[in-house]
């Protein structure tokens, strides 16, 4: 398993009339979580995209338990639990500074060729980078 | 069942580097869909909120089949299929101008008292308004 | 002079904790205004971009007089007042349904070659399309 | 003068089809800049708002010199140059990691009473906090 934690402070413009982080903006935070997880592997998502490999989201499922509020400093825990095949599945937990779980989510992404816009298998260089984190499953 | 359709043109600033409507922005479109569905009942979500009834989203599940692109005119079909109890469940389909389904989603919302921020039962006035659409289930 | 009007209903997720349309989101509305103004000329900004001509914003100046609120139906009046040279200047007014001016803004855009990312002169096809609207200035 | 610096990494969803930080999203970064500048004074904007003092933006003027790109780590330098009266003026510079100025902006905010939604003078507690930074002007 591969996982990390990032901290984000909720911005004023990201909050709605209820004073809650707008439910659509969670996607941005989780995206930041998996960007940093990929960076931890020694590559950047930007480079991958510049080399012609896209990673669009195919499925997103989220439970909102408690709201994140403006100016709250929250933690996003991002995990790659399953060894990827065509699909790449990330799990997320959002926690407040007291460690309470505010939200849990899962995204499924696919590797897509930027030219053809068709799904492709996990690139070899990516497999090599994540292999050490899944030794017992490989 | 209660349903409606709205049309939205994808804005430049809502699209990402791939040229796709950013996956987090779908939530804004579905929110617009259910706002208009509620308006069809003869009340507005704004009024409800001003009267102290909030409707935060508790769960959101979406499948992205094909991307919506910048300047595409898409259709959002919003449906209230089940008679609401404590929870209000909306189903959504996003279609392009050729009628292809680009995305399907479901949101679960709860009625919350603005003062106490505690969940509450479906308000009576709301039940009265939706009753005619669920005559065989009532 | 070339001008148009579009109507937009303020979305829930675009409003902040004060209940006001977040000041950063005005840019999206004005962008929609100029997109529709260009469409009125018989071309689309998407096509221009697909043909390798970008129109990034170089300057944005806005006065916020009165807030636009959630669910308000507002009007954006977009005008191209000056005959463009290297720069393209649009003026905007945001009005509420009573005709009150809520906000006034101006954006300056430049034509940029998508390949080189360098500024370029106004494309000929664009000049031809706008010429009839500026007959006394041409 | 009172000033600070914050670092922000440009998020995927904040970037447009050109690969540039969307021009409307700069407002969110500057807002974060002034939020942190206020925190440096020993109070938070959230507390101020909870105590009934709002700070809506009345004017925003920005020059975009060079684009900020996805995944760039940029710096926002926020300054309060003038001693505030009814208006609070912040100046901003956005710099990339090489120290190049990408953008410069200015916002004018007003203190507003949350109850009446009318402008008010600078609160006394705020004046006390900023006084030490403007000793020669006071």
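First chain written, first letter: the chains are A, B, C and D, and each begins at residue 1.
In this section, a residue touches a chain if its C-beta (ideal position, glycine included) is under 8 Å from a C-beta of that chain, and two chains touch if they have at least 3 such contacts.
What you see is a predicted model; the values in this text were computed from it and never measured.
Novice: Tell me which has more C-beta contacts between its two chains, A-B or A-C.
Specialist: A-B
Novice: Which pair in A-D, A-B or B-C has the same interface as C-D, with over half of the contact pairs matching by residue number?
Specialist: A-B
Novice: Which chain's mean C-alpha position is the greatest distance from subunit C's?
Specialist: Farthest by centroid: A.
Novice: Return the distance between the CA-based centres of subunit B and subunit C, expressed in whole Å.
Specialist: Result: the chain centres lie 29 Å from each other.
Novice: Taking the mean of the C-alpha atoms as each chain's centre, how many Å separate subunit A from subunit C?
Specialist: Between these chains, centre-to-centre, one finds 34 Å.
Novice: Using CA atom averages as chain centres, what separation in Å is found between subunit A and subunit B?
Specialist: One centre to the other, that is 25 Å.
Novice: In subunit C, what residues contact two or more other chains?
Specialist: 12-13, 17, 22-25, 27-28, 31, 70, in rising order.
Novice: Give every residue of subunit C touching subunit D within the complex, in rising order.
Specialist: Within the complex, subunit C touches subunit D at residues 17-18, 20, 22-28, 31, 49, 54, 56-64, 67.
Novice: If you look only at subunit B, which of its residues touch subunit C in the complex?
Specialist: 9, 11-14, 27-28, 31-32, 35, 44-46, 70-71
Novice: Per the contact definition, I'd like the list of subunit C residues that touch subunit A in the complex.
Specialist: Going through subunit C, the ones touching subunit A are 12-13, 15-17, 19, 22-25, 70.
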